[in-house]
Every structure is written in structure tokens, then in C-alpha cells.
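Structures incoming, each one as C-alpha cells.
In the two complexes below, chain A is the common chain; its partner is chain B in one and chain C in the other.
So, the complex of A and B:
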């Protein structure tokens, strides 16, 4: 695909300052998302996927900083943008959905006001017009009787409903990029699929690109066109959607795929022992030289301990960071 | 139940747990029926998977088995003894037969105790006076769950999530219980660690012959681990049976919908079986079958009016409670 990318991240590194020492939390992340493309970023907690997302939205806290690399959004370099410039973009061209809708919504404002606020701030509408737009937006996220719901406060709504409100707010200004950070993790399994489909459907209609961040490899592989897997601050593999499931290359991805008890798996193969990835996820203080996965890797070679592997191309547009390839 | 006859390890019959909820006016209260008419059995050495959405009463059921919530109606027999009566008389004896592993290993270990204390205190409480004996048991248990015994003088915060869950499992098993209740034991853990804990639980089940009550919303995990499965919806068990039978021919529309909700990267899910809407509040459950507002199998008049029917046998060791199964003609035609 040769679409002009909406988001183009090159060699992004983020460092964190703890007790006057700098640690690299995200290192050398490059990814580009085309217009209207659904891109999945998978990884475990602490792998840096949320930091990557926050850096795009310009929401990194004070002790975190972008130490290297560029983030281009619609052709504009945004990593150096000051607060005011970023504010203009955020919510308008780039918007975000967070994991926990209850903490992301303002408990003291009605949901109608929270959605309407977007139109007032970014479109300069009057409160009255904004309210009308808010009702429309609620209707689009399939909230029943939106005219009444706009007067509700977040605590009066269920988890799934609150996440719909978040979606309505995020998509109110037709952003070019939506960052969805674990949008369904706090919800019930049965609601999960519904919410994800709603997000994708609405984004498709608007031509909004989505960066979907999750720890659920199954969900992401199913929903996204391209998937990148992150481990210990680096992207270790990138592939087309379900290829990551059928033909994982990096030992970490292979391990993840093999360690998940897949629905229907026992019917097919019987109660086989799940594949374990030994050891634990390293914290940012424990990142080792060489390939960061080598202490847990079953195929580690001597080389892996000393030298970090570069990206090796696999397939038409995928790549993997592993010496076992290339 | 006859005490000397060898019955099931756990037998729950017609269990109801209702919580009184104060009315808004401040006068009087009405019951929240968290568990309503649940009957279940677990045989020794068996793993029963209990699935359902949040708020369906899974955890209340578990707490009732542990004797932690007052029972409104029904009986629970554990190892032939009434849980409620035993708890009043001899709490310690009950603790020796049933233990629990909680969801969040970060919240369920005492931060001020070393792992040695965490594991040996239960032994002390239960009358193992000889320190050497206690120490030996702690070492044995730690190596059983795959932790180095040398680590026993460390505190909980020095361990990772997976290791902590191993400690929680060791603590649950140290008194040699017959039944261990696992309430979402892997959902708080990192994805790459989950397989380790699942394998460990299955190994321990085989080695020690313990029975597991495995509460989870992850059907993949439940399918992998369980011998039998019970599906719960708004306080009722709606389908129950052998794991294989449940997964090859799910009969209740809710079970179908639960299975359809899991995204399978290799198979596109069909939208017809996908349910919509959210779990209604247990305080104001819908009239008739509680699942009918979300049911995709075209519920008929009977589903809206008559309360949830009795179990229908749909296969060998497989039963479900659904009007459409007990009265196939009741489906509304669309």
C-alpha cells in the first residue's frame, strides 16, 4: 500500500528520569499508519506501548521525554510542538480512548456537556448547537434515547455505556487518527467485541486511522490490518493481521501465540501442555545488552547476548528483530 | 447426606444468597438476588469451570462455599459436612478442606510478612507445633509451586506477579485442602506468564488430587482446564455439563453468545449469535427468563412471561435451562 501515512514515527526513543538517572523505556520504535488504516500494537504491561501512544498525543508526563526520533502527523513534525499547538491538534485531529472510562470522564459534568465541549473548543460552536451535535454523536455510538442520556452523569451509566461516551467524544471532531489504548480491557468479554466493532465501524465511515493498543493478541490479530508486537521497549515484529497468529516469527511472538489457550484448541488437540515462556518480563532497570528477549529465548545464540539484532524483512511488509532470520 | 457414603466432594443444592439493599426512601429493603437456586456438584479431583459476566454471582457463589457470606436458602455440603454448621462450630476444620486463590496477587499477600511467615503461619494456627516439620512443609510447598526455597525470607513486593501468584497457590495448598477455589487466577497476570500458572494449577491438580473450582470469564482458559463447566447468568446456572459436550454443542443461547464473543483471529465470528446489550442489574432482573432481552434465538411469549424453566437434559452429562429447549414450539416466528 502506498497511501500517504497519517502518522509516521521514526526511531522514537523515550527516556524516563528516576533519581537523576535516565533509563530508556522505549527505544527505536518506527511505525507508520496510512489513512484509515487499523494498526495494532500488542505487548505486555511495561513494554512501552502506552508510552508510545502518549507521546503521539503529547501527553508524556514531566519526567518522561522524547530523547530521539521524530513523530510526523499529517506531514507535520509534532514531537517538538509546544503545549498550545498540541492542544489544537489533540481532540481535533488526534484523539484518544483510554482503558478506564470512569477515570477518563469528568464525574462532575454531564456527558452531554463533555461531548459538547469538543464542538465548542474545536469548532467554536455555541453551547446550544453543541448540545444538538452531542445528541447526534450519542446516537452514532448507539446509545439509546440520546436526548435523555445527555443529562446523565458518568456514574449513572454502565461500563459499556461510558466507553461509548468516550468514543463519542473521541470521534466528535472527525480526527485523522484515533489512539485506542486498551479500550476494552475494563469491560466484560461480551461487551468487548461490540465496542471494538463499533470503534472500527465508525472509524471506517470517517476514514479515521486507528492505533489499537492491547495485550490481547487474539483481538488485535482479528481486528487490525497490521500488527506490531512490542517487547521491553522495542518493536520485535510487525506483520499483516492474522499472519502474526498463523506465522509468528520472533521467538517472543511464537511463545505468546503458543501460550494462549485458544478457544476450541482442546477439542482439536486435546489437553496439551501450554507452551510456557520462562522467566518474567524485565523492568526498564533490567534491560540487558544484546537482544532484550535473550534471557527468556529458547533459541538464543551467543551473538544474541552481545549485539542487538536489526530489523530483517519478512514477507511483503513485515519485519522481525531476530538473528534467527536473515 | 449420608456421611459414610462416598458422595461428591462439594454438593450445593438450591443455594440462594440474597443481599438486602436499602430502598432509596430509607425505609425497608429489597433483596438483591446474587445467587438464586443454584445446584452444583464437584467430585474429588475434578475441575469445574464457572463462567459468566461480571455481576452474575460467580464470586458470591465462591464466597458462600467458603462460608464468607450468609446463605439465604439451600445447603452446601463439603466433604459430607454442612458448610454453615461447620463454620459455626469449627472454622479451622473448614479452612483445612477449602481454600482460595484470588485474582490479584498484588492485593492478596500481606506486605509485612515474609513468604516464610505467610506459608508457615497457617500451619502454626492449625496445630503443627514442631518447627522443623513446618519448615520442611514450607520448603516442600515452595518447590512444588516452582519457587526456590531460599527465597522464603523475602517479602511479597520482591516478587513479580507470576511469582506472587505461585506464592498464593502455595499458601492455599499448604493445609492440604480438598478443594481450591480459583477466582480469575490469571487475569491479573501478564500474558506470557499466564501459561505458567495454568500449567502449574493443572499439574498440582493431578499430583495432589485436589478439586478446583475455576472461576473465569476467559472461555479459552476454562475450556483448557475444566472437566465440567457451569455457565452462570444473573444468579442462575443456565447450562452445565461435561466440558466437551458444552463446547461441541452449546445449547443455551447465552453459552452460544459467550463463545461467539471471543475474537478468534483465524475464524471470522458470525454476527448472528453475537449478543447485544449489557447484563441487566440483578436488583431489577427482567421478568420471565432473565436472558430474554439479549437472546438472539427469537424468544417467544413464554420467555417473556414464565420464569426460567427447570433443567432439560440435552445430552449425556449435559443440561440446560431454556424455554426454547423445554418447549421447542415456543419460539416466536420471525
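So, the complex of A and C:
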């Protein structure tokens, strides 16, 4: 029923070593993204969504390691690849866009050279041909007068323009998967929508799958076909993007959706402020037994305190980690 | 606008004076520095004919100092170039790769720093024998610790920059990241250290030549001139004062230039004075 997945993560756990002790930062994450699919990963800061992304690109730093699970990309087991093989994938088949366009470009190189380098590196082109391709790539990300822009240095461009250039670099080699790690967080609100539209449009045209990482639930729900919500290193719920607002299942997702301000919405009688989820996220040093969310959960049962819930299917492709279902 | 400091101006002027003197030595000198020996005029005080007096063989000190600028500058530049190449490649690779290589390089740097340059060079020179060639090798191999440390520190701070991280994710190799991304972005501090290093290399050359291990007579080296003049310090002070002044001005020039460049290249504009 679904296409063969481009990316298939099964039961991924990542542990971090601090003072010779291992702590689990990401636990039991499974997700699969089909060809050309837009997949959203939401969660608050430190919940492990960026770590998951880095592990896909094989970029975990030395004190982090994959302790369990597999990552299959186009049929290849990524966690088993050597440095050289991984490097060939990166930028060519898997690309990334970061949240800080202001600092993600080398300040001492013209943007034309920085885009062109990709073609030289991954396609073995000459610098001259690469420059032509760079102009084309700039044109595709809707930068006006690309022929002149390639001679600009990053400091001469605005934040939105730089993010467009990052997109041009990331998509230059038609990757199968684009990891967009909060691509719009650092941008002006008016530019955000434009940039996201641009990413999606270009990826659609190329059949590139997108893993969109964000803490903006609204953005992700609107743009992505499927959305996974992460909390404290686990995916607590996965649903179709269109359902996440109308039918959130996990108490955490419900809390998130409930805490969003609604335009034109009125406060209920007696309510003086927006809803919130009480308590704070546990740090990885103090994960308790049972469900990770139970200390903050309004519907917590006795069982939740002792035994961690497994994934329960909801709908055709979704699942939730909660005892209130199934 | 960037404010050009007094250091930079004075340093540049002194630097230009020394460089121009070295380049146009044959035009500036009034006598031949080696061949115009005449014992009739030995140890003459400064006069119209001999601007800065003559040495014990009757050679014009002014001309010898002018030609000496060539030797000092050449040695300073070559030595510092060797030091910079060694220091930067070690520091860059150590900072980039980290791990055991970093430990080894930092260990060697600590070793080099713990032994005074001149003493180290002296030991090397006693093995290699006197002469310009062995002087270049001895000094060029022993004073790279500062450029090594500076470039390592630069790499460590640049490594966390987003564009360096980004080039990993784009699939670029280690050599590309080291030489095309990191090196151009850390060139400022390296230039500053190298400029100051030229000054200390000239000092070291003078010191070694003073001890009779550097430039072989009769070539006009400021250090060697000082060594000869030492015995006549009381009776013919011009023999030692003027070569000493030449060393002083040159080294001061390079140090001021380095200081000024550091303030000028520093993006924050107010670096602490060392």
C-alpha cells in the first residue's frame, strides 16, 4: 500500500556518555519515510529530535553513540557505513538545512563558489560548469538576478536570502532525503512561510523526501503528511498531519494542542490565561520508571507509574504510547 | 571606520625603512661592506667620510649595517616562514583531528616552549656547524610553538561554527575542510604571530652570530658586528652602538607592526595588550 521507504528507522536508541556513565537520550524511535513524503518531527528543545536527525546523517559526536536499532537509507544500513561511504551519501543523497542561515555559510567564499563546490565534489564537474549550475540552482530558489548574486559574499545578503542559498546548496545534487532542522526558526515570520513553501515545492518537483524538524506544531501539521511527536527521547504519538489538531491522542499532544492560542478564540468563563502543561520536562539523568510523561499527565493511572506503555495502533498508520488507548 | 593605531603607523614606517634599506642596499651604502678594508682608517669615529665610523679593519660601519639588513631580513623571513608552515600544519591538524595526535603535538609544543629558542638552536647549530644554511634550519625548526598553539586554538573555536558543521553534512572531506574552510578563516591571528616572529627570529640570528655560530665573517651580520665590537666598547663605542641600534629598530618595527595588525584585524576592536 505504501511506497518502499527511503528512510526506515527501527527501534533507534542513542546513548550519551557523561563521566563514564551512559544515559539514554533517544529511546526506541521508529519511523519510516516514503519516497517524496513530507514527514514532521515535533518536540520541545532537548527531546532528542536533532539527535535523531544527526544520527541519520552519521554525524553524532564522539560521546554519543547508537546503542540499539537500525537506520536503513535506500536499503543501506547507515549505522554500519564507514566514514568514506557516509561522506559520499552526505550532501549527495542526504542533505541538511540548519536553523541558522546567518552563520551556516563560509564568510570568506562567494555564494556561487559555495554552491558550485557541491557539483565539483559530488558530480566531478569543472569549476566552470559548476558555476553555470550554481546560477541555475540560485534561479530555482527564486533569487533575483542569480548571475550577479553568485559573486556576493554571505554578509551582503539578508537572512532569508542566505536560507535560500542554503536550500540551493542542500538540493543541488537532488538528494533522496532532505533533513530540515528547524529551517525557519531564525527567520522573520513573514519570510518563514515563503521559505517553507519553497522547500516543499522544490522537493515535490524532485521527489525528495523531507524530514521536517520543528517545534512549531502548527507549521508541521499544515505542511506534513505525517507527524511524529517526541517527548523525552521517545516518539509518543504518530499521526497524519491533518489529524493531529483535530484528534490528538497522547495526553502530551493534547496538552500541546490545547496550549496553542487560537485567533478569534475566546477564553472560557473564569479562565484568565492560556492552558499549559504543568511541570517540566525531566532531564535525562532522572527518567523514572513507567511512562516518561506520567508525572505531568492529567490522566495518569497507577499502571503508568510502573510500566512503560508500548506502542498502540490508532487509525491506519498512526500509533500512540499511552495506556488510555488499547 | 577602523581606527588605525599609532602602533600600526610607526611599525609600518620602521618596517618600510628596513625593507627599502635591504632592497636598495647597493645604492644607499657609501662603501663596499667587505672589500673596502683599509687599516689606515681602522676604528675611525663617525665623520663625513664614514657616517657611522669604521670598524677594526677600517670598513665603513654604515655600509655594513645597510648590507646587514639584507641578511637579517632574509633570515627573519625564511625562518618565520618555516616556523609558520610547521606550526600551522601541526596546530591545524591537531585541533582538527584531536585525540592522540593532538596529545602528541601539544606535548611537543610544551617541550619546545620549555627550552629557550636560542639554547635549542645553539644545540642544533653545534651539531650542524656554523653558516647561514644551518642557522636557517636551527631557527626554523625551533620556534613554531606559538603559531602551533594559536592555530590549534583557532581551529577549536571555528570547529563549532555552523558553516564548518555544514560542510560536514554536505559531504566534504577532511582536507577540504582544513584547507578551504578553516585555514582562510584563521589567517588573521597567524599573520600577527608571524610578523612578531620575524622580529624574534632576527634577534635570535643576532644572538647566535654574536656567539660566533651564525653568519660567518666577513659577511656583515649585525650580531657578528656586535661580537667583534664588544672588546672596544669603552674606547670605540660606535662599533657596537650602531649595529645594536639597527637590531633594536628592526625588531621594534616588527613588534609594533604585529601589535598594530592585531588590533586592526581584531573584529572586536579592543584586544587586551599582552
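Quick note on the criterion: the second predicted complex is superposed on the first by the 317 of 326 C-alpha atoms of A that agree within 3 Å, B and C clash if a C-alpha of one lies under 4 Å from a C-alpha of the other, contacts with A are read in each partner's own complex, and residues count from 1 in each chain.
By our rule, a contact is a pair of C-beta atoms (placed from the backbone, for glycine too) under 8 Å apart; a residue touches a chain by one contact, two chains touch by 3 or more.
Treat the numbers as computed from the prediction; the structure is a model and nothing was measured.
Chemist: Assess the superposed three-chain arrangement around chain A: do chain B and chain C clash, or do they fit?
Modeler: By the criteria stated at the top, chain C and chain B fit after superposition, with no clash.
Chemist: After the superposition on A, what does A:108 contact: first (chain B), second (chain C), both or neither?
Modeler: A:108 contacts chain C only, not chain B.
Chemist: For the superposed three-chain arrangement, provide the angle chain B-chain A-chain C between C-alpha centres, rounded in steps of 10 degrees.
Modeler: 80
Chemist: Now for A:87: first (chain B), second (chain C), both, or neither, which partner does it touch?
Modeler: A:87: touches chain C, not chain B.
Chemist: So in the superposed three-chain picture, is A:215 touching just chain B, just chain C, both, or none of them (first/second/both/neither)?
Modeler: first
Chemist: Which partner, chain B or chain C, touches the larger number of chain A residues?
Modeler: When the residues of chain A touched by each partner are counted, B comes out ahead.
Chemist: If we overlay the two complexes on their shared chain A, which of chain B and chain C does A:169 touch? Say first, second, both or neither.
Modeler: A:169 sits against chain C, while chain B stays out of touch.
Chemist: Counting only touches as set out at the top, which of chain B and chain C does A:96 meet: first, second, both, neither?
Modeler: second
Chemist: So in the superposed three-chain picture, is A:311 touching just chain B, just chain C, both, or none of them (first/second/both/neither)?
Modeler: neither
Chemist: With the superposition applied, I'd like the minimum CA-CA separation between chain B and chain C in Å.
Modeler: So the smallest C-alpha to C-alpha spacing between these two chains is 6 Å.
Chemist: Note which residues of chain C are touching chain A in the complex, please.
Modeler: 161-163, 165-173, 176, 180-181, 184-185
Chemist: Spell out the part of chain A that touches chain C in their complex, as residue ranges.
Modeler: 57, 59, 87-92, 95-96, 98, 100, 103-109, 117-118, 121-122, 166, 169-170
Chemist: Could you list, by residue number, the parts of chain B that touch chain A in their complex?
Modeler: Against chain A, the touching part of chain B is residues 53-54, 160-163, 190-196, 198-199, 202, 217-221, 223-225, 243-244, 247-248, 257-266, 269, 274-276, 278-279.
Chemist: Flag every residue of chain A that touches chain B in the complex, lowest number first.
Modeler: 44-45, 158-161, 188-194, 196, 215-219, 221-223, 241-242, 244-246, 252, 255-256, 258-267, 271, 273-278, 280-281
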